[in-house]
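Multiple structures are listed underneath, in structure tokens.
Same chain, two partners: subunit A is paired with subunit B first, then with subunit C.
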Partner chain A sequence: MTTTTTGGTRPGATAPTAPAAKAIRARHGARGSTLTFWLFAGPFLAGLLLFVYVPVGWSFYLSLFQAQNTVAPTKFVGLDNYKDILTEGPFTDSLWTFTLFALIVVPLTYALALALALLVHRIRVARAFFRSVFFIPTACSYVVASMVWKLSIFNGVRFGLANTVLSWFGIEPVAWIGTVSPPWYWLVLVTVRLWLQLGFYMILFLAALQQIPKELYEAAWTDGARPGWQTFRHITLPQLRTTSVAVVLLLLIAAYQAFDEFYNLLPNTPYARPPLVYLYYTALGQGQDFGHGSAGALVLSALITMVTLLQGRIFGFGKADS
Partner chain B sequence: MATSSTTTHAPSRSRARRGRGGSVAVYTVAAVAALLFLVPFYLLIRNSLASDADLTGAKWKFFPTSLHWENISELFNDPAVPMAHSMWNSLVVGVLGTAGQLLVCSLAGYAMARIPYRHANKIFYAVLTTLMIPSAVTFVPSFVLVSSLGWVSSLQGLIVPGLFSGFTAFLFRQYFLGFPKELEEAARIDGLGSWGTYWRIVVPNSTGFFAAIAVITFITNWNAFLWPLVIGQDQSSWTVQVALSTFTTAQTVNIHELFLAATVSILPLVFVFLFLQRYLVQGVAQTGIKG
Partner chain C sequence: MSPELNPSRSLGRRSFLRASGTVAAAGFLAACGGNTGRGGGKAAMSQWYHQYGEAGTQQAALRYAKAYTKADVSVQWIPGDYASKLSSGLVSSSGPDVFEFHPDVQMAKSGQIVPLDDIIADVKSDFTDKDLAANSVDGKVYGIRMIDDPQFLYYRKSLLEKAGVQPPTTFDELMDASRKLNKDGVKGLYLGLKAGSDILASPLVWATGSELLTADHKVAFDTPATVEGLKKMRELYTSKTLLLGAPTDWWDPSAFIQGLTAMQWCGLWAMPGIQKALGDDFGIVPLPGIGSAGRPVVYNGGWSTYVSAKAKDVDAAKAFVKWLWIEQTKLQEDWCTSYGFHIPPRKSLAAKATKLQSGTAAQAVQLFGSNGHYDDPYWTQGMATISQDMVNNAVVSGKNPESEVAKARTRVEAELKKIA
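On to the complex of A and B.
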């Protein structure tokens, strides 16, 4: 929209403000404006170069070498690091852990956040109170929430809160995060994330719900549609399309970045390791294996980029952008 | 969208009728959900002020037998738990990190939206590419870089790499695209240069947006865990999240002390939530939808 319009003055398309703007631009001159651009954006771009592009490039370089305990490697191993992590198991296991996690968390969060938003939207009395209650867990960190979940609610002992509730129904205590079969630790992992992030997405849906023109519902009512499921399916849901796409994308990216609750709830367990936890232990654990760690980071980046682009294709995300 | 007066009345009457019938169910569901959402907060406070004997007793107790306010002074006087120092670190990282990110990214966003430059489009695409790479994935290469700068266990190592957020710059660009051009042109005609226009006209007229982004960035910084964990190798550079996590896994602290530390760590954000909620909600709506 307001990006540089160098050359190609469209004949006949002169807006009333165009001469003034042109005069200003002429006075400052092209070189002056180039300098200004760099003065404004230069620090940011330099930082982006140093702290994003250089690390990624360096990472690619390291991924081709044997690099343990050193960031100045000498032994070139080609694509062996990639071959190792893709065939040896733990890394691919971590990708499956992520996939399962995303398959559970994304639809659940989407549905429950939308349900909460619809609920708060319908409330007339004390709406601000309810909105705050659902939103305020966002103030908690994953570290704090994991602590409450692990040591208080899903404590594997008899007097943990969840086990106490079960005992009212005569059910034996469950070792929530200590066993693999049945994998009850998924319940712990999923509920902590739901509690922490539902409020955030509820706010997004609430903002979108308030944008829907009331006339649509009134028109539907005169056409015979009853309030409830019918209007929800034919008006509310289609009107929330843009927000829904953004929410799903954000949820997927957030799920890919899962680290905090896994690290704090299940430290040093061989199971339920998402990719970032695997990378953390590989690159910064005792081995300090930067070669394999870098290779893993790049494979993960490539996967995320592919998923994001694919999503963009499927949902047409970004088309509305100027 | 022409609705006659008769049609606009009908739904509101029906809504009022349904409202009374439906509201009991709606409020019941809301109340139950609200209770569930509040339980973890209750547990934090309960465990903070109870004795360990109460917490690890043979039976679950909803209320502790007695409240131990002396737990608070015990926490801050325990030399094994650098609580005050790690809170201070978090505050410094939160405030400086937020101020720096706002400054650097808003200037870049303004340049990309408003200052004509031949290669502006290419640069904008270069910034967009970095959005594809979540910062969490680059922690391995970033650690390699920061450690070769000698910044491990330092405040600059915690703060500086986080200042250059492609996402925040992108949000500012989108915002400035919609900023009324007339205001800037008037300033130009009055003789202000680009800096003058930016600082005296654009920024003062954008305080709401700046506040919204600031609140979100502060919360993100305060709750950040992975990067502070990677960088904070020495106890002196722990943020409060790293300190808490270390206590949980080390199991050297009393349970009540641990929970009290957790409660203290969320207090600053609870205040932010209570007093700046307007900006917060606005910020979430803006950052979320444009994400």
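On to the complex of A and C.
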């Protein structure tokens, strides 16, 4: 007689036959794997559900209501919050701010990160040192970096670092973040982000560069291609296609999520207020308007999803794997 | 051997789960038993302050809380964006029982704060009508004013004399003074990091003779005078005589004390620090009037204390507020005059505040009395942001002032509908 009682063989019970024992082990194995799966994945899935999906659902619910100074809806307003948000005003202005920011920061980061990666890849001496030098700023907090940029480097008074340098050439102090014509604040915003994120993308490109087979270059040289721009354009760049698409995607999402440097470098100004900063002041800030805040957050999420999918479609994200 | 048939491994897993459960439970209990402030069977409550800049204020707040014997009051001293932290605290269950803030109708209408008429009843006549009105919604008093904080233009006497400039009494004189004082590495005027588009958004409208809202809570700022005021401010901004991008904002007198600017918009609280640094070499004037209907403006900032409707014990919180801001007159005097200068909102206390009865401080009190403008509780935080955007767009970005005023009107009307 065999037993299939879970939890092991009962004392006195007949030992199971070999195939039955195999079946038991398989069942136990499957149960053990399931338990292990839930043990490890369960807390994260619960966290995902509790801190992501429930809030997203609640946010959608709130966006259909007037929810002033409360996260409990008070009056059903249908799509009015969406209409208000999408009418010409601060939220749509903030989308233009983001667009401009993305147009500057995405190509610039892409090009500079790739250039740095090529330099570090080719360098023969102290390669690890240079990798570290460029990567270290990634570990710095956006808040700290913003404060250093604001208070020390791009301070608008005569003793700021940038203004001290300008004074050597007889140039008057520049109000780097206090003027819109010329819009020097973009220089401050973009440089702090470049300093913080270049290293990370450089490492991604560096990893991709190391995967390109040397034989490709050797074959190209044999066929008469000149080293330099020609091989970069016809071999390196196509070989980096997958990484490039991923980098642009990550850069675009990071640009959408711009908050810290805008919040810390500039006061709440309409000319430099990206969507997240606007939503922060609308909902979490003094406004306490959770209806409009939720609608804006969902519009922004939809926009990010659309742009991501569109970009994936245009550049063929993942095509190389299929 | 498969792990399932290995008793030791099976036991290990159970032990692991037991241990994990114990650790989790211990953590949960530890979290529950954190610093609740409970002790000796007394009620516990939390009181929130924003971070005052004047030395000694935090210690004073802690001392006051400790002196209260009927409850354990824990003080939270919040640096940075106090308003945002408070907003999140008030919609969650982790907010304060008692807190300081500015009057706002939406907090009252949404039931975030409770009326305090019962605790103020006996001394109501000792508060000025304007202070009471600034904290009243639908006839109920929601906040007890702790301090009145008039704001004005500080100027360096010696620099004005050197440039042959008199303290400005009109907006044109202010622009002229700013131009003449703008030399030798010293800027003419500092109105903060946003060129005054935040802190002067309301005073600018008042200075033109207009109001933000009518008495029955309708838009009143959309006047030709406001448009004129925006044009004047734009002229001032484009004169390149404003200090922009200073390390600290308008509320900190550092730029003025360090000689980066000859004039600065700041509050009475900064006066002791300025006196210490500059002696008598400074004076104050109100924001001059703009246009033919213009009037000088002293903006009254200040803070009031509120009781959260979500307080653990609302009555105990009200009793504490009554004790601290109504009964303990010595502590109020200490709070108003021992660190930075503030005008005590109680008439009886203001009369006794000797530090405010001579010199420039006395002039500040006099200017406050004759030109003081208070926040309207119906002018919400959302409306304030809209008007600040209006000023910023017209003054800093140079957009058309007429259309900016019209846009702001539409948006403020939408906000007014929310509180109707």
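Operating definition for what follows: the second predicted complex is superposed on the first by the 272 of 322 C-alpha atoms of A that agree within 3 Å, B and C clash if a C-alpha of one lies under 4 Å from a C-alpha of the other, contacts with A are read in each partner's own complex, and residues count from 1 in each chain.
In this text, contacts are C-beta pairs under 8 Å (C-beta built on N, C-alpha and C of every residue); 3 or more make two chains touch, one makes a residue touch a chain.
Computed from a predicted structure; not experimentally measured.
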Now for A:84: first (subunit B), second (subunit C), both, or neither, which partner does it touch?
second
If you stack the two complexes on chain A, which partner ends up touching A:116: first (subunit B), second (subunit C), both, or neither?
first
Which partner, once the models are overlaid, touches more of subunit A's residues, subunit C or subunit B?
B
Figure out whether A:179 sits in contact with subunit B (first) or subunit C (second), or with both, or with neither.
second
Identify the partner contact of A:230: answer first if only subunit B is touched, second if only subunit C is, both if each is, neither if none is.
neither
Tell me the contact category for A:267 with respect to subunit B and subunit C: first, second, both or neither.
both
Of the partners subunit B and subunit C, which touch A:246 in the superposed model: first, second, both, neither?
first
Going by the contact rule set out at the top, does A:99 touch subunit B (first), subunit C (second), both, or neither?
neither
For subunit A, which residues lie in the overlap of the subunit B contacts and the subunit C contacts?
25, 71, 151, 158, 160, 267, 280, 284, 290
Touching residues (chain side subunit B, partner subunit A) in the complex
1, 3, 7-8, 10-11, 14-15, 18-19, 22-23, 26-27, 29-30, 33-34, 37-41, 43-44, 47, 56-60, 104-105, 107-108, 110-118, 120-121, 123-124, 126-127, 130, 132-134, 136-145, 147-148, 160-161, 163-164, 166, 169, 177, 181, 185, 188-189, 194, 198, 219, 222-223, 225-226, 229-230, 241, 244-245, 248-249, 255, 258-259, 262, 265-266, 269-270, 272-273, 277, 281, 284-285, 288-291
Across the complex, what residues on subunit A touch subunit C?
8, 25, 28-29, 31-32, 66, 68-71, 84, 89-90, 151, 154-158, 160, 175-181, 267-271, 280-281, 284-290
In the complex, subunit C touches subunit A at residues 2-5, 7, 10, 81, 83-84, 87-88, 90-91, 106-107, 109-110, 112, 185, 193-195, 197-198, 243-247, 249, 255, 260, 381-382, 384-385, 388-389, 392-393, 396-398, 407, 411, 414, 418
Taking the touch rule as given, give the residues of subunit A at its contact with subunit B in the complex, in rising order.
1-6, 17, 20-21, 24-25, 30, 33-34, 36-37, 39-41, 43-45, 47-48, 50-56, 58-59, 62, 71, 116, 119-120, 122-125, 130, 132-153, 158-161, 164, 195, 199-201, 203-204, 207-208, 213, 215, 217-219, 221-222, 227, 242-243, 246-247, 249-250, 253, 256-257, 259-260, 263-264, 267, 276, 279-280, 283-284, 290, 293-294, 296-297, 300-301, 304-305, 308-309, 322
